[in-house]
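Right, one structure below, let's go through it.
Chains here go by letter, A, B, C and D, matching the order in which they are written, and residues are numbered from 1 within each.
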Amino acid sequence: MIDKFVRSVAAALDGIKDGSTVLIAGFAQVGEPRALIDGLIEQGARELTVVHNTAGRGREGVAKLIGEGRVRKIVCSFARSRGSVLFEEVYARGEIELEMVPQGTLAERLRAGGAGIPAFFTPTGAGTKIADGKEQRIIQGRECVLEQAIFGDVALVEAWRADRWGNLVYREAGRNFNPVMATAAKLTICQTQQIAELGDLAPEAIVTPGICVDRVVHIEAGDPPVVIS
Amino acid sequence: MNAWKPLERDELAARVASDIPEGWCVNLGIGIPTLVANYVPTEREVIFHSENGIVGMGPAPAPEDLNPWLVNASRQHVTLRIGGSYFHHADSFALVRGGHLDLCVLGAFQVAENGDIANWSRSENERAPAIGGAMDLAAGAQRIWAVMEHTTKGGEHRLLHRCTYPLTAKGVTVRVYTELCVLDVTERGFVLVDKVEGLGLDELQAKTGAEIH
Amino acid sequence: MIDKFVRSVAAALDGIKDGSTVLIAGFAQVGEPRALIDGLIEQGARELTVVHNTAGRGREGVAKLIGEGRVRKIVCSFARSRGSVLFEEVYARGEIELEMVPQGTLAERLRAGGAGIPAFFTPTGAGTKIADGKEQRIIQGRECVLEQAIFGDVALVEAWRADRWGNLVYREAGRNFNPVMATAAKLTICQTQQIAELGDLAPEAIVTPGICVDRVVHIEAGDPPVVIS
Amino acid sequence: MNAWKPLERDELAARVASDIPEGWCVNLGIGIPTLVANYVPTEREVIFHSENGIVGMGPAPAPEDLNPWLVNASRQHVTLRIGGSYFHHADSFALVRGGHLDLCVLGAFQVAENGDIANWSRSENERAPAIGGAMDLAAGAQRIWAVMEHTTKGGEHRLLHRCTYPLTAKGVTVRVYTELCVLDVTERGFVLVDKVEGLGLDELQAKTGAEIH
């Protein structure tokens, strides 16, 4: 019987090595696998390359991982943003490498990684600083940039419901990067708010098939924090 | 005293909103563009898209209806209209890049008469800025409207012959809305569509770094 | 009020021009927009480029369109197959151009067309006849082929349920090429088995958002034919 | 009379099935590979994939349970296992190309000792053949097992130093199952894993167009 559930965050994260590329899903803290991020901080792997939409906000989660000097390189679409204090400190000290990627290109590079497409041309960023050092080509009359796939050693995702095969569904805007990153790593680790019996998730509504998921841990994380703006 | 009065932020947002027809799918950038949604009546079915995978975004919820799982790309709590749907980030930007958005309204630091837009960084040397989805939107939507202050607070031009800030995308802007006027961006350059009452063309031209036709 | 429903197949197909590229969804007749294909035969447009998984089977549908000499070029993954008689006749007479594409590359080229990716590298077909005349490049140690996006003038798709915004869901294996082609044409035309009220389709389960769909016609086509093998 | 007996088609399918562990995601090509599913007991949870977007395909239905909406890539009526799901064609092949299938079992005209496989066309000059999804599967799955007749009906070799038919993919086959033997395809070439009882190695070698180690 296939059963991808593990009993603890520690078991879920077992074996993540120094130097790994870690994809961390979530957007504005919604659908962010916070228990796994905290577990990774505790787990201790260093020299990480982290792929996440931002370079972290405040002093928790991805920001803390960076603040503790565990991240060699961050790949993101928002580096400086309100609250990116820890990143800015570490960056000012020259202790972290930064790769800025337009958000849609970031999503597409991850999708390409998961879909076995090693590189693609896109009009996004053509003729801008983002294209510096990249191959550019005019295709069908439009200037395009060649972008490379991103494939991680590990992906950390949060689902709303998961079954023992690792089939996943997401809640509302909690979907975001989760299904994309789930396809784009050697080891995909999921924290799920709810456990579904096999067969409870409608076959037409499953977003991530279990074949993309390696380990699932049940974490009733509750609602994302309410944003005060 | 001026014989004319610039549009307030909300008036500007309303002016933009009045040009959006029913049935369009529209993405609104951060800042004044976000306000545009407030001036599109619900009966006029405009489908708002948010980069984080929302198609058919509705207005901000009443405080008691706030749903923590439903934020837009500007990290604001929003609602989903009846008929709305959710997609993952790659599919969401496939909609953007694939030309499925009729319009994106973007804030801008600078717009040039050749349609270039600069809205993500004020310096070539800025080391860790925020790109977000602006480049994807600027390159992907069917049309780009820029909403911006006509000049800097210090009176420097922001509508230019060519942008001096790092570009977001080349040649994509087709219309500019400012507190003073509406300009089309055409092959000839900026063409005046509309200006606030009482503002002379000479005065507007003086505030503009490229010829207004 | 947005309302994409039209009253007839003729209204749905209005304006399709000679020389158009027409994407036709469906796989093994499941999820195949048969009423729209029949309507296109009646509508009369000629010199078409048709993109479909096969070159037709039997004497109906896509096979008939080809048999009537209306197709200048067919892009497919199966040309010769059991029952591809009409295609083979027309092809033997040299009256149709054939572009053979591996099925996954076909799907990906359509997805690229709908996603604004003009070209991509793929390992599929590298070092085979399929790569002849195409740019090849070794990326991350693997030989790859550069493939171009496909974007149609018209896409013909079949949904299980559709609402007035054009939001679509599909039934079981009837999904196949439908959602992909729906994104990849200037004019996307859908025949739907059922009409849903706006709001009846679950926001997390909508597969094709209405913004990709231009016209919908209600055709209670019933079940696909049972295959006797 | 031979001292040995070749495997029947069903025995061959069962032999392949016995090597598939629980938890693998597997695509089965047309022909003998399709029969493999019949020999994987339901309790051993193997997740079968079909190119047309099915993950978790089950066996053929009883005639009274036939569902016209549920066919596999070989146009056969199938079922969906509990836990199964549906995807569109691009997502389905993204699973294939992205290496999310542990195994694809393909029929083959020829396999070479360097792992090349030819299974879609018997001639460079065939003008309108059928590729289907074979190239995508051959290039994308984690491992390719070929299931084939050891020689042609006329006794010509099909396991070769190099393929003579147009290739489906280069260097991907890691194992070959025939009615006579099982071979691993390694850096040294074909390595014998197993052969039918009573068949001499010399006799097997004579039927094989490349050295068996």
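Keep in mind that, in the parts below, a contact is a pair of C-beta atoms (placed from the backbone, for glycine too) under 8 Å apart; a residue touches a chain by one contact, two chains touch by 3 or more.
Being a predicted model, the structure only gives us computed values, none of them experimental.
Trainee: For subunit C and subunit D, let me know how many angstrom lie between their CA-based centres, rounded off.
Mentor: About 28 Å, centre to centre.
Trainee: In whole angstrom, what separates the CA-based centres of subunit A and subunit C?
Mentor: The separation of the two C-alpha centroids amounts to 33 Å.
Trainee: I'd like the Å distance between the centres of subunit B and subunit D, where a centre is the mean of that chain's Cα atoms.
Mentor: The separation of the two C-alpha centroids amounts to 54 Å.
Trainee: Where does subunit B touch two or more other chains at once, residue-wise?
Mentor: Residues 80, 86-87, 93-94, 96-97, 140.
Trainee: Which residue numbers or ranges of subunit A touch two or more of the other chains?
Mentor: Residue numbers touching two or more other chains: 108, 111, 115-117, 122-123, 170-172, 175, 203-204, 207.
Trainee: Considering only which chains touch which, label the overall pattern as line, ring, star, complete or other.
Mentor: Topology of the interface graph: other, matching no listed pattern.
Trainee: What are the touching chain pairs in this one?
Mentor: Applying the touch rule to all chain pairs gives A-B, A-C, A-D, B-C, C-D.
Trainee: Per the contact definition, I'd like the list of subunit A residues that touch subunit D in the complex.
Mentor: Those in contact with subunit D are residues 1-2, 111, 113-117, 163, 165, 167, 183-184, 198-199, 201, 203-204, 206, 209-212.
Trainee: Once bound in the complex, which stretches of subunit C touch subunit D?
Mentor: Within the complex, subunit C touches subunit D at residues 27-28, 30, 55, 77-81, 87-88, 91, 98, 100-108, 110-111, 122-130, 143, 170-180, 207, 223-227, 229.
Trainee: If you look only at subunit D, which of its residues touch subunit C in the complex?
Mentor: Against subunit C, subunit D makes touches at 50-54, 66-73, 75-77, 80, 86-90, 92-94, 96-97, 121, 124, 127-137, 139-140, 166-170.
Trainee: Per the contact definition, I'd like the list of subunit A residues that touch subunit C in the complex.
Mentor: Going through subunit A, the ones touching subunit C are 108, 112, 115-123, 139-140, 142, 144, 148, 169-172, 175, 202-205, 207.
Trainee: Given the complex with subunit A, which residues does subunit D contribute to the contact?
Mentor: So the residues of subunit D touching subunit A come out as 22-23, 25, 43, 45, 47, 49, 55-56, 80, 82-87, 93-101, 140.
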